[in-house]
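A, B and C label the chains in the order they appear, each numbered from 1.
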Amino acid sequence: MSPPERRAPVIVTGAGTINALGRHVAAFWTLLLRNATGIRAVPDCLGSGSEVLAAPVEDPLPAVTCAGPRLTRTDRLALVATAEALDQSGVRARVPKERIAVVIGTTTGGIREVEDALLARGGSLRGIRRSRLLLFERAATAEAIAGAFELEGPRFTLHTACASGGSAILLGAELIRAGEADAAVVGGSDALARITLSGFRALRLVGGEPCRPFDRNRLGLSLGEGAGVLVLERAEVARARGATVLAKLLSGGESTDAHHLTAPPEDGSGAARALEDALRRAGLTPDEVDHVNAHGTGTVANDASEAAALRSVFGRRAARLPVTSIKGALGHTLGAAGAIEAVAAVWTLRTGLVPPTAGLSDPDPALGLDVARGAPRRGDWKVVLSSSFGFGGANAVLCLARAEA
Amino acid sequence: MSPAPVITGAGAVSRLGTGLPALARSLCAGPEDAMGEPADLSERLTRNEARRLDRLSQLAVVAAREAAAQARLEGIAGERVGLVAGTGLGCVETTWRQLAGIAARGLGHAEPLGFADSMDNAPAAHAAIALGCRGPSLTLTEREISGEIALITGALLLSARAVDAVVVVAGDASSEEQRSAVLRFAPGLSPAEGAGAVVLESDESASRRGAQVLGRLLGHAQARTPLPFSPLRQAPAPLLDAAASRALSLAGLSAEQVLSLPPESLRGRLGWLMADGVLRVVAGLLLLERDQRGAALVLGRARGGAAAALVLGR
Amino acid sequence: MYDARVEVDRTEIKELLVKRLRLRDVAPESIDDHESLVKGSLGLDSLDILELALAIEEVYGVKIADEQLGQEAFRSVASLAEFIGKSRSASNDADPSAA
């Protein structure tokens, strides 16, 4: 069996996000550090007449360039986050547009707008399918980004459920390493939709109160919406143009559970493999990891399985390794989650602060983890892992390092 | 530069039949535009797969299973086998069932089986479970070049050494959306369902285990138009040329040296399904068996201004 | 006096199983009362059990808590019949105007 090859680092030069806690990174980060949460009781959620616990982005959304009638909410969220990331990065001034790739992950795409149209017609399907074809084509978000910001490199839209944002970042990095692009705009976006609100509840994965990741009394996840985007560049290119290095993406690890459509195996073995592969491909040992930005949805099953994976990889050290989940603050943003969490991981490396896990009050001792709670943890954080584990058993782990490390 | 990845297994379901032999027979005989019956897949699915899976997931599992069996994929450790799926429209039937339920019953509508099986990556998940693929799994959507992009992504996973082999499967099930796409963008063709699958493997892994080589992926390229471009407009011919010439140059071949399979080719026989790229690659491999040139160029183009080219060798 | 503590008809449950889980090629009468739903010939998984729980809540008006899903209640048709019967009679006892 040939060992995974060591990967060359790729540089992060820009980051952007929009979510329930803020419309740009600084606002989001400030509130995240203060243990705030955007999960709330939303009256008449999506015009349903019922009150639903969720973490929506406040309307109206910020204006976006190239606003067209066909833009979905998922598109708009992605455009806002991309604008911030590109603005910070400045990559377009120096890298030709055909050398900048776009890789976006999403789970719902334009489904919310299909739902809106269906309900506007009283649920009648007559004639609606024909005109909704375009909304079923999830490639539209990456296309909107490419159009708004004139990016003409390779373009990919991918789906690994709740791991989509993480997978998109890793694919973008490999495009750069393969020489297919010199830079990449990568991330994920998802708007709240009825199909996911009702679907997760049908699976009994939603709690009746805001989610409590890793808590002894956790009851389930809460849904949110948003977008997260990073700009990645080949190291030589970033260096040559004197770009500000936010962090280094050393490597990634991906695996599939091949076990069950929605539930992870109890021992977290698939997740453990992704964690180990990420470290091996970065040329690092578990001892060199300072912090894990976890998937941490707050369901009984996920948190237990994730903790089992962390314990199997880190051994006794797992009890002292700072872990956080931002899903208590943002809810589960599905396709955006892995990307927004990557933004948070990058900010941890830049600021030396691990954000607390909102919603957590009584850490479950059975998990054997050290989860940041109440206040940020300051430290000399040099290496961070960011994990996402999706339905369909898709696992994606990013290994990020501090700029000077 | 490392040797080209090899294809060690192939599988297909289309209106021409289920399995490679049916496809091979029909490619070289019979009238164009034959309207086949929707394939009965029950013989090739477990009972639970037949009752639970969305039609697209069923098509994908059947095609992938055939490819994996031919490649004797069990000879590679599951952790080193990835899976990449491509689809234009995803699990439309199951998605619409969910939406109809929500329209009728509001947010309280619940159908646990249906929600999970409506996800875009459900076909990949089911194929991974069926075949024991525990390496990376991804699902790509890119309209009419979803299949080609899935294969390009599989090749990227191989070159990144993330896997030793990757099952690439792409297809689409019948749906109103697909029918309306044909009416609008490909009038004169008839909509159909189908899925194609190949096992793409590193040359090193295939040699080491003595796997049968059906073909090689000698080159691939993706091309995008200068922006802005509309999702209603088909990519222009020069874009196809750009993708083709780059892929041929990577393969070290010229246009005269290859059997050319432009986007419209085979659609008379296979019918029009959005993600037919891998199915056309499988057909290309079958056609190569009796072509002296020894190489084929499979071309695809998509609305939104994208084109892809794949060069296959024997 | 009508005793509501009678277990629910097992054939009815088998028919519900076949219908809601789309077990098209399975005749309800061929399902053994005591065979394991998950480990037996039907080979159901946890998503099927969720779907079944939903059907039971709808048809019989009982509430099924998360913890009960993996338990004895859902082991076989016989155990389900007993569980539903007990749950219904428990709620009838609580509400004297019922029955």
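In this section, contacts are C-beta pairs under 8 Å (C-beta built on N, C-alpha and C of every residue); 3 or more make two chains touch, one makes a residue touch a chain.
Because the structure is a prediction, the values reported are computed rather than measured.
Peer 1: Would you identify the chain whose Cα-based centre sits farthest away from the centre of subunit B?
Peer 2: With centres defined by C-alpha atoms, farthest from subunit B sits C.
Peer 1: Averaging the CA atoms per chain, pick out the one whose centre lands closest to the mean of every protein CA shown.
Peer 2: Closest chain centre to the overall C-alpha centroid: A.
Peer 1: Based only on mean CA positions, could you tell me how far subunit A sits from subunit C in angstrom?
Peer 2: 40
Peer 1: In whole angstrom, what separates the CA-based centres of subunit A and subunit B?
Peer 2: 27
Peer 1: Please set out, as single numbers or ranges, the residues of subunit A touching at least two other chains.
Peer 2: 202-204, 260-262
Peer 1: Send over the residues of subunit B in touch with two or more other chains.
Peer 2: 110-112, 116
Peer 1: Check each residue of subunit C and list the ones that touch at least two other chains.
Peer 2: Counting only residues that touch two or more other chains, subunit C contributes 45, 47, 50, 54.
Peer 1: Which residues, counting only subunit C, touch subunit A once they are in their complex?
Peer 2: Touch residues, subunit C against subunit A: 45-47, 50, 54, 66, 69.
Peer 1: Show me the residue ranges of subunit C that touch subunit B in the complex, using the header's touch definition.
Peer 2: 21-25, 43, 45, 47-48, 50-51, 54
Peer 1: Using the touch definition from the top, list the residues of subunit B that touch subunit A in their complex.
Peer 2: Listed in rising order, the residues are 77-80, 82-83, 88-90, 92, 95-96, 98-104, 106-112, 115-122, 124-126, 128-129, 131-143, 149, 153, 156-157, 159-162, 164, 175-177, 180-181, 184, 204-205, 222, 224-229, 231-232, 304, 306.
Peer 1: Using the touch rule from the top, collect the residues of subunit B that touch subunit C in their complex.
Peer 2: Counting only subunit B, the residues touching subunit C are 47-48, 51-52, 110-113, 116.
Peer 1: For subunit A, which residues count as touching subunit C in their complex?
Peer 2: Spelled out, the residues of subunit A in touch with subunit C are 202-204, 260-263.
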